[in-house]
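There are two complexes below, and they share subunit A, which is joined by subunit B in the first and by subunit C in the second.
Showing the complex of A and B:
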């Protein structure tokens, strides 16, 4: 009596098939992390220093200067007397100026919707942030840039409201924004000197 | 089971690939914005210009069609910006024949799109900073600066108070004189100067200004011309022209005069000017002739004995000088004659061999008398070693004074010539050999005989 081919296994039950299907799908899921577009906050204008410099010198530097002058007009004594411990401190790290500018600009965008701050002032600050991100071709997490900059740069978005009087109440958010503006300005000056060499 | 697994794997990879390719765009249109604008070529042209800081922080974009498509449809112009994963478009507002839009972002690159049908769009890239049209200059002022004779034209631009185009404009100033052709000047500054000499005097001029980006970063087109400003030049230009004519009229005779002077100087330089300016060294003969009286005629000065042929020369043995006291007490018996005293120093002398009376050497000798030997030796340069006859011990007798013969032809001399003052003996020669006059006897005259340097030169 000779041995015949091994018998074919019986058809697996449908429940098992579905499990196999999903398992195969799930194996592919890690590929999503690799092939999906990268939603990182990296900037893409790192090598084009000449273009960054001319845009900064001719346009963005004037906007920053105007914003600094505006912040000087809206003086708040709270900002001079005490320093808020919860304020986020930004450093302009050496060889990482673009990343530092990106962090500062993205952080400034969150003040756009702070109602305690003068509307024109926070609008100008948002314009500077959007301009910085535009020049450096950077993005922010959670699509913060798209949300704010689209609204800020929307055409025919005239400010029909009257200019609000500066808040006399101690405004921590205003102080934070002022400090953020100062850090952004200093970091831009540092970066501009580096790329002008 | 295995087959299904493989199929599911392949399907999931395919789906993932499609998602990666089209997922970020959000749509599947060729333009990426849901329209099919590239299906037909865009056969229309649009001209656009931007105005920075048109109103506060807003800039504006103004466009118009230069060539319309053939089919008459409603068109819509939109400005689109690609923001990361989105493509935002904003429709422009139609104002008569132009389309207008104001915005804040001038950093990002934009597209100008024409929508003429449903989901039909044609886009072109647009760089806002390259099509800048500045605002019109204003407030033109013309000031005349009298001292410099210049017209200072000053104007203003709204961009001086703004951020982007401040000090980044170039201005063109056009001026003309009453319906004549325009002349232009370019300047990056807010003022220019017109020279008065280049303008007509007492004439009416018109000035206007426009601006353009200088091209360093911002580029664009000229702004509109400003409103013209007129001014009238002063009439002092005519005075200046008259003064210039006056100067020219005076300069011509002056030039002619200078030429004449130069010719005269060159002509008379050697003959008249140079002797006065650079006189030659005086000739002694001429100098002495000027100092001394020159005999009028027949004056013959010579040491040549033959010249004195008419002079009686006789030998004198010794010095017959007398004391002054004797002469004073015994005045000379002979009458006085007009013999000038200057002959004491240098009168005509004739040498004749004579003996010296040494005892009388210390006494002075009167004219017509005897000179001391030492004096005469010194006069002729004689020394003890000289063996010439001239220097032999002897006396010399003056026989001629003021052309008055003091020595008689008869070998006698007057005893006392009246030349000397009282006290001085006159000549009293005792012996003397008289040189007979030669054939060249000359009659004595009243003219004085004197020695000139030329005579010395001739005798030597």
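Showing the complex of A and C:
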């Protein structure tokens, strides 16, 4: 009488299931670390508040002031009903001012290629965004946005072209950009007030 | 300038009844954050408002809507709301709504979106102090009750007693250097503050500070006593600030200045003019000052014409008292001889010119 192979169990043993479980976790975990949102700010100037203040007061604040004045020249009567009150991008969160500034600056960069907005206006907005990112030593999530800064900071070869007339028609992107500018300025005011004695 | 947050009121008078129609609507809600210690939002005065008003407020990300805890009253009418420091959140959108109710009917008066960091009005600077520096230079320093001095910008207003207008100078820190001071002048300095563009976006200046003075305060030019020798290195100066030194001292000096330089010269000129007019008008006084020269030529017109001005008049000897020329008889009338037989007294009239007559006795 010969002995046959033992019958295969109907379900895999628990030890195998746990191995599969942990394997799946360990595979996903590195992926999660790579793909995790930037809640922890990727800015490297966080502790150098004195240096930030000097650069902001001496350089960046003047560009922001010019941008705000430029924004005020455009009629915004059509934008009053289009306020994005629940857009988290425009919040300057307590204790997370640098992260909020980074978020606002990166968001503002996407308006650089919006053809419906006046060219000089969006160029100035991009300049302020790039300046903010440079002062705070921040990067944006989408690396291609840094190409905009390279393009903005490059010598302007289009100065000889005729000045484009400002777009009089109000549009969604224009209103959103104005709101972004206002939020960025307020957040800088808040940050400056915190780091000032 | 319209304060951010004040809105035009959409007045809906139709169907609201006579109560609200008779009560003027508020012009809008005006909020001011005083030195970041407390805030007031007002919508009018008791003189113009008669309805019952209620204020509700909320922040953009923080509900619910809250009613005002401390109303401001004027003549039994609510005209505003006071917010304590714990109720104030800056850098978040702030909204208010004022309800005006009367006889059961309510009118809502909304306001615009406000950012309270742009409505800050700091307190006036204090402790103004002047320091004497080398090279005829002054240094003015002060301090501010506002907690964050680096968020302030200042304006210094100054002038001397010889200036007619004020000079304004913007200053970022709490030190103002006056490069070249004149020790003969008397200077007055004021300072006020505002949140700078780094920390906010506001046009609300503080009140002017208590003034500080410096310099030589001699107001009279003709002093009775000898002047003290002036030492340019040790001027008389007021270095400290007293709360009792108010702007009235500067105004009194200005009054003396106008009296001495304008009023007194004008009064003197007018008095002189009056005297001259009186002098000309009063003939008796004029005659004494400017006596008329006698001119008897007119009484001898016929003799001048007949004899071509060549004639003599003889004075008769028995006349002891000299007569004036107009008392003489006619030249051809004979008179009695003299008593004492002395030589006749002759008065010769010689005509030197048609207008003058000379008389000589021999």
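In the analysis below, the second predicted complex is superposed on the first by the 141 of 197 C-alpha atoms of A that agree within 3 Å, B and C clash if a C-alpha of one lies under 4 Å from a C-alpha of the other, contacts with A are read in each partner's own complex, and residues count from 1 in each chain.
By definition in this document, contacts are C-beta pairs under 8 Å (C-beta built on N, C-alpha and C of every residue); 3 or more make two chains touch, one makes a residue touch a chain.
The shown structure was predicted, so the numbers you read here are calculated from the model rather than taken from an experiment.
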{"item": "Which superposed partner A:192 touches (first subunit B, second subunit C, both, neither)", "value": "second"}
{"item": "Which of subunit B and subunit C A:66 touches, first, second, both or neither", "value": "first"}
{"item": "Which superposed partner A:150 touches (first subunit B, second subunit C, both, neither)", "value": "first"}
{"item": "Which superposed partner A:134 touches (first subunit B, second subunit C, both, neither)", "value": "first"}
{"item": "Per-residue contact with subunit A, leading partner among subunit C and subunit B", "value": "B"}
{"item": "Those residues of subunit A which subunit B touches in one complex and subunit C touches in the other", "value": "57, 65"}
{"item": "Complex contacts: residues of subunit A adjacent to subunit C", "value": "56-57, 61, 65, 68, 83, 85, 91-92, 185-187, 189-190, 192-193, 196-197"}
{"item": "Subunit B partner contacts - residues on subunit A that touch it in the complex", "value": "12, 16-17, 20-21, 23-25, 27-28, 31-32, 35-37, 54-55, 57-60, 62-63, 65-66, 124, 127, 130-131, 134-135, 139, 145-146, 149-150, 152-158"}
{"item": "Residues of subunit C defined as touching subunit A within the complex", "value": "60-61, 90-91, 93, 113, 115, 117, 148-151, 197-201"}
{"item": "Interfacial residue positions of subunit B with respect to subunit A in the complex", "value": "1, 4-6, 8-9, 12-13, 16-17, 19-20, 23-24, 57-58, 79, 81, 83-86, 88, 90, 93, 101-108, 129, 163-164, 168, 217-218"}
